[in-house]
Structures are given as structure tokens and as C-alpha cells.
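Both of the next two complexes hold chain A, though its partner changes from chain B to chain C.
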Partner chain A sequence: MNQHTIDLVNKQGLQFFGSVNASISHELKNIFAIISETAGFLNDLTQLSKQGKEFELSLLENCSNSIAEEIERGFDTIRQMNQFAHSVDDPIKETSIADTLTLAVKLTGFLSYTKKTQIDASGTDITVLTSPFLLQNLIYRTLCAIYKSADTKDTLKIFFHEKDPDTVSLTFSWGSLSALTDFPDRQTTDVADALKATINFTDKDLEVTMARTNDNLFTALAGR
Partner chain B sequence: MKQIDILIIDDEIKFADMLSRRLSLRGITCQACYDGQSGIRWIKENPGAAALILLDLKLPDMYGTQVLAHIKEIDPAIPVFIITGHGTREDEKECLDLGAAEFIHKPVSIEKITTLLTHVREEVK
Partner chain C sequence: MTDIEKIHLLMVDDEEKFLNALTERLKLKFFDITPVTNGEDAIKVAKKAQFDVAVVDLQMPGIDGVELLKILKKSHRFLEIIILSGHATIDVAVDCTKLGAFKVLEKPSSFDKLVETITEAYESRMKKKFEKDIDRMKKIQSLAFGQSPLGILRELKKMDDNQK
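Moving on to the complex of A and B:
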């Protein structure tokens, strides 16, 4: 169990880290592409002005607003990148389910197929003594599988709560999850096993339940 | 049928709209579609109407290679240029194998696009 868990973090974790960073770099490239085109348009307007041609001043205002919005989007993206990067700082720590879910939703938002999805997340925040990085990995994989399987016009409802003093639960509800036939895949099952989590689903609900403490993981990752 | 110079299929609405606006200042007519299905629908409804297509690889409803395959089924002759912020070498090879004219990484200069259009127009003559 211990060596397997360490291998899981090292190999699969690195893949996960790489794929999230690739989606972040894609987001940043798109932001820069918009700023680049907007700067180009401002240059076009300058040339028109030099030629004595008139244009609506609102175009300038629109450009400056657009650049400011994209810069804010860029800062927001970098904040999430930074938060994700720090998820490997502590192998095991008290981890907020709400914070982890919020970050996972934002990180999956960089994937092109999630952009039209509305998400409604609610619940009572609870903490689990676990690997923040593996928990992020499990929630991210779950969200990706749901997005890929269902109609993106639906609103995804996520509810998290303390199921009993030793267990927490996250329920993902969508119009239909019947297309989610090959989930959990092997990699997700490995992550869930390491976290002492189980995944059960019906046509409309997918529930992830997890132990609030995990001695095996604690021993494997924290070496205690 | 609506004749245009460039069909832009890109889910980054601001990017597609700003690019269209800049090209229109240069006398180039554009149509923007923000997902794969609407791009394919436009091509079906306007056969042969666009001189070239700029296609993003990552779209909300379909992967760009799927869109490319559909486009090539509908109109094998239309030049499709992939413009992406995320493409790998494998993506590039797959797109070229599917018949893409070129694989271009964002950001792309306006001069590059006007040159592409000029070359396409010259090849048609």
C-alpha cells in the first residue's frame, strides 16, 4: 500500500500536474491572443486617425475595457495556478472540501468542453486529514468525466456534507449521468483507493464518500 | 448564399470578434462561429462561400480535428488553417493528415492572415 501510494503520487500525480498546467497555459495563451488583437486594433485606429479618418470614441473605450478584463482574467488564472502549485507543499494536511472543490471547478473551467457548464455548489464546509493533491486529483477527474458524458446545457449541482462523524460526502447531480459508463477508470480508482474514497452513482447522482482520516495514506505520504 | 473571405471558428468570442473587426478594416469579410456545430452548419448552409477557414483546435462542443474531418467531408477543397493556443506535435500531425493547410500557433499576426488569403486567392486563379 505504502509504495503503491507513493508511486501513485509520483507517476500519476506528475501526469495530472502536467495536464492541469497545459490547460492553464492554453488559457493564458488565449488571454494574450485577445490582448494582442486588441492592441493591434488600437494600432489600426491610430493609423486611421493619422489618415484623418474619424471613428467612434467608444471603440477606444471598448478596447481599454477589454484589455483590463483580460488582464484581470490573467491574474485570476495565475492565482489558481499558484494555488494548485501549492497543493503539493504538504503531503498530508487538514484540507477544506469547499476550497478544494472551488479550485477544481476553476481548473476544469480552463478545459474547452466545460465552458458552457453552469455549476451550483453548496454545502457545509468540512475538512479531511488527507493529501490535498490527491483530493484535488480525484475531484478534478470526477468533474472531467461528468462534463464529457453529459449535456453541457445542464446545470451541475454539487452538494458536500458530513455524512457521519467519520465520513464526508460529495454528491454531483446532473440531468443524466447514464452516459458515464466507463467511470471510474483505473487511474481514478487508484486515486480513490489511496484516499479511502468510494464512488457510487445512479442515473442522475454521483456520490463520492471519503473517510475524514486515513491512517494508511498518513503513513505512506507523511512517513509517520 | 453569403460570400465571405474568411470563416473563423473559435470559442474565444473576443478573439474571433476582434480579429474579424481588424480584417474588415482591411476590406476582408469574415463570419465568426463560436463552436464546432455552428461552424459546420454554416458551411453546409453556405457551400463554397468562404475562401478559407481559420479553425481553433479546442472547442466547447467538439475537438477541432472532428470539425476539420466534417469540413473536409462537406468541402474537401476549402483550405482550413488551424489556429490554436494549445497544439502539440501530435495534434499538428493529425490535422495535417486530415487535410489542414497549415498549423499555426496563437498569437497570429494580421499580416500572416492577409498573406494566407492572398495566397489562397492566387491559387484559385
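Moving on to the complex of A and C:
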């Protein structure tokens, strides 16, 4: 990995960090908007009650339930934001594929064009010694590209397995594979190169294969 | 307020809970509201019923707010459209205004501000319609001279087609 690639990946990393934070802030705004309007409606009902006007008591119950649910949704969002923020703590570490996929699916879930997604977690988890932040970046970019091209009725299924002792494979399967054009783009290829990963298309799936250890990345990011 | 005086409002937002809470609140303000959760349904209901004002969320799956604004403005020229945006930047406001949006409000916006903007949008619609009606009356009066009854009907049909 040359200096050019390191610089490119760092710049992209900052853009990626910014775009994920923007989508999280949008999600939080939506949550606050719901809480704000529901609290406003509770106030309207209080005023009606003061005027001696009757209304269904279930409206009050719906309001309090809605506020409680949105607060829980807010906590969930902040948990994901926190988990994402900590992905830059260690430049290189043993990283769980299942955890990285789960977080990427949750983060892309804030985007308006997200699609229904299932991660097959029936097998045992696999770890790779890599940059957790760059891996998150690669998976996030892949998911975004798939969601943008997929039909609204499509369900994306993700599988992962150990291809051989040194290689991990992630398979993305959904209905309209042919609609995914211009992928991987240059930026995604740069991230994949840095991770020693390759992106291939089969007849039905998109497959990302990656080395379980990456000496070049070690040297570049951890300075070892 | 009678049904005739009520402002007919189309609300479009994919956040169902936000839509429901806002709908309940606006109902108490005597608006007649049709809430829908996506652009496709908004286009369908706008074909069947006449609305004075539409409040449209910018970011939605499928047909987004900008696309919906273009489609609704094309087929319902007097419909005033207010855009709600989570990130109401100047760029977004300028782009949407160029496409015919009445105003862009940041989401969440204060309820009073929203009600005020909907009322302003309604007044703007009525003013435009009134001006158009006056114009139409003048044209009809001018048609009445020197035209056969069939010719007048043909001209009226042309005018109606242009008003859609």
C-alpha cells in the first residue's frame, strides 16, 4: 500500500465518518420531531380537558406509549453512534465479522433508500485482524450501492464463512443483481485494496473476499 | 368552521408516528387532512381529491420530496406545497423554491409556525385562483362577441385544459 492510497483512504474515511454522522443526526431529528408533536398533542388534549370537552382516553395512552418507544429508539441510535465512534479507537484489531455487519446494517438503516436485510448468523462468528473502521467503511459502501440499485420489494441476505484458513468470504444476495452497475467504484476499490479484499460477482451474488491478516495494513496504520 | 371553509391538506411523511401525531393536532385546528406515508400514495389521492395545500417530507424512500413536488406541481398548478426538511439548508430551500415550493421548513418545526405557514399557503392559493378566475371571466366576456355557441364551447374547453 503506497502513500497515495493511505492518503486517499484517510480522506475517504473522514467523508465516511461525516456521512454516517449526518444520517444519525437525521434519525435523531426525526425522533425528536415525533416526541415534540406527541407532547404537543398531549398539551392540546389537556387544554380540551380544561374546557370540559371529552375525548377518548386511549389517545393519552397512545401518546405516552409513542413517547416511550421513541425514547428507546433514541437510545438505540445513540448506542450505534457510540459503537461506530469507537471503531476508530484501534487502527488494527481482531474484528468480528458478525458485529461489523450488524452495525453496518443498523447504520444504513437510517438511510431513506435502505432495504429489508437479513444477516445469516447461523454459523460461528469469524474474526479478522484488520482495521475495524476501514472494514466498516467497505461494508457500508457495499450496502449503500446494493440498496440504491435494489427493488423496494427485495430482501438482501448476507452470509459469511471461512473460505480457507487465511480467507473470509461475505456473500450478498438479493433479487436484482443486474441493476447494480458501476460498482465497485474507484473509492470502494481503494478501500478494498487497503484491506486486501476483492469484490466479485457470481451469477446470483456479490462476494467480498478478504485476507484474515494484512501485514501491509499493519505497517501503514499501526506502524509495526 | 364548516366543511367548505376547512383547508384541505395533504400530509406526506414516511415517519408514520410523526404523521399521526401531527394529523391529530392539525385536526383540532379544523384542517381536513389526508395523511399518506409515501409519494406514490400521495399522487394517487391527489388525483381523486382536491387539496389546497400539501406538506411534504423531503427525504422519503421511493419518490422523494423533490420528485413529488415536481409531479404535484405539474398536475395541480394551484396546489401550494410546503417542504419539511431535516436539513433545511439554503441550497435545499433555493432548489425547492425554484421548483415551485411555497416554503421550506426545518423539521421539527414549531407547530404554530407550521399552522401559520399552511394558512399563508392557503391564502396564496386562493389569491392565485381568484386572479385566474378574473382572467377567465374577462376571456369569456371577450369570447361572447362574434363567436358561435359551438365556438364558445370549444374555446372554453381549451381554457379548462390549460388550467389543469
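Following the convention adopted for this analysis, the second predicted complex is superposed on the first by the 207 of 224 C-alpha atoms of A that agree within 3 Å, B and C clash if a C-alpha of one lies under 4 Å from a C-alpha of the other, contacts with A are read in each partner's own complex, and residues count from 1 in each chain.
Note that contacts are C-beta pairs under 8 Å (C-beta built on N, C-alpha and C of every residue); 3 or more make two chains touch, one makes a residue touch a chain.
Every value quoted in this text rests on a predicted model; they were computed, and no experiment measured them.
Will chain C clash with chain B on chain A after the two structures are superposed, or do they fit?
Taken together on chain A, chain C would clash with chain B, as the superposition shows.
According to the stated criteria, A:179 is in contact with first (chain B), second (chain C), both, or neither; which is it?
In the superposition, A:179 touches no partner, neither chain B nor chain C.
Identify the partner contact of A:40: answer first if only chain B is touched, second if only chain C is, both if each is, neither if none is.
The answer is both, since A:40 touches chain B and chain C.
When the two structures are overlaid on chain A, which partner does A:85 contact: first (chain B), second (chain C), both, or neither?
The answer is neither, since A:85 touches no partner chain.
Is A:32 in contact with chain B, with chain C, with both, or with neither (first, second, both, neither)?
The answer is both, since A:32 touches chain B and chain C.
Considering only the touch criterion stated at the top, classify A:66 as touching first (chain B), second (chain C), both, or neither.
Both partners, chain B and chain C.
Show which residues of chain A both chain B and chain C reach, each in its own complex.
The overlap between the chain B and chain C interfaces on chain A comprises residues 22, 26, 29-30, 32-34, 36-38, 40-41, 44, 48, 66, 70, 112-114, 152.
Would you pull the chain A residues touching chain B in the complex into a rising list?
Where chain A meets chain B, its residues are 22-23, 25-26, 29-30, 32-34, 36-38, 40-41, 44, 48, 66, 70, 111-116, 152.
Could you pull out which chain C residues touch chain A in their complex?
14-15, 17-18, 21-22, 24-25, 28, 59-62, 64, 86-87, 107-108, 111
Per the contact definition, I'd like the list of chain A residues that touch chain C in the complex.
22, 26, 29-30, 32-34, 36-38, 40-41, 44, 48, 59, 63, 66, 69-70, 112-114, 152
In the complex, go through chain B and note every residue touching chain A.
11-12, 14-15, 18-19, 21-22, 25, 58-61, 85-86, 106-110
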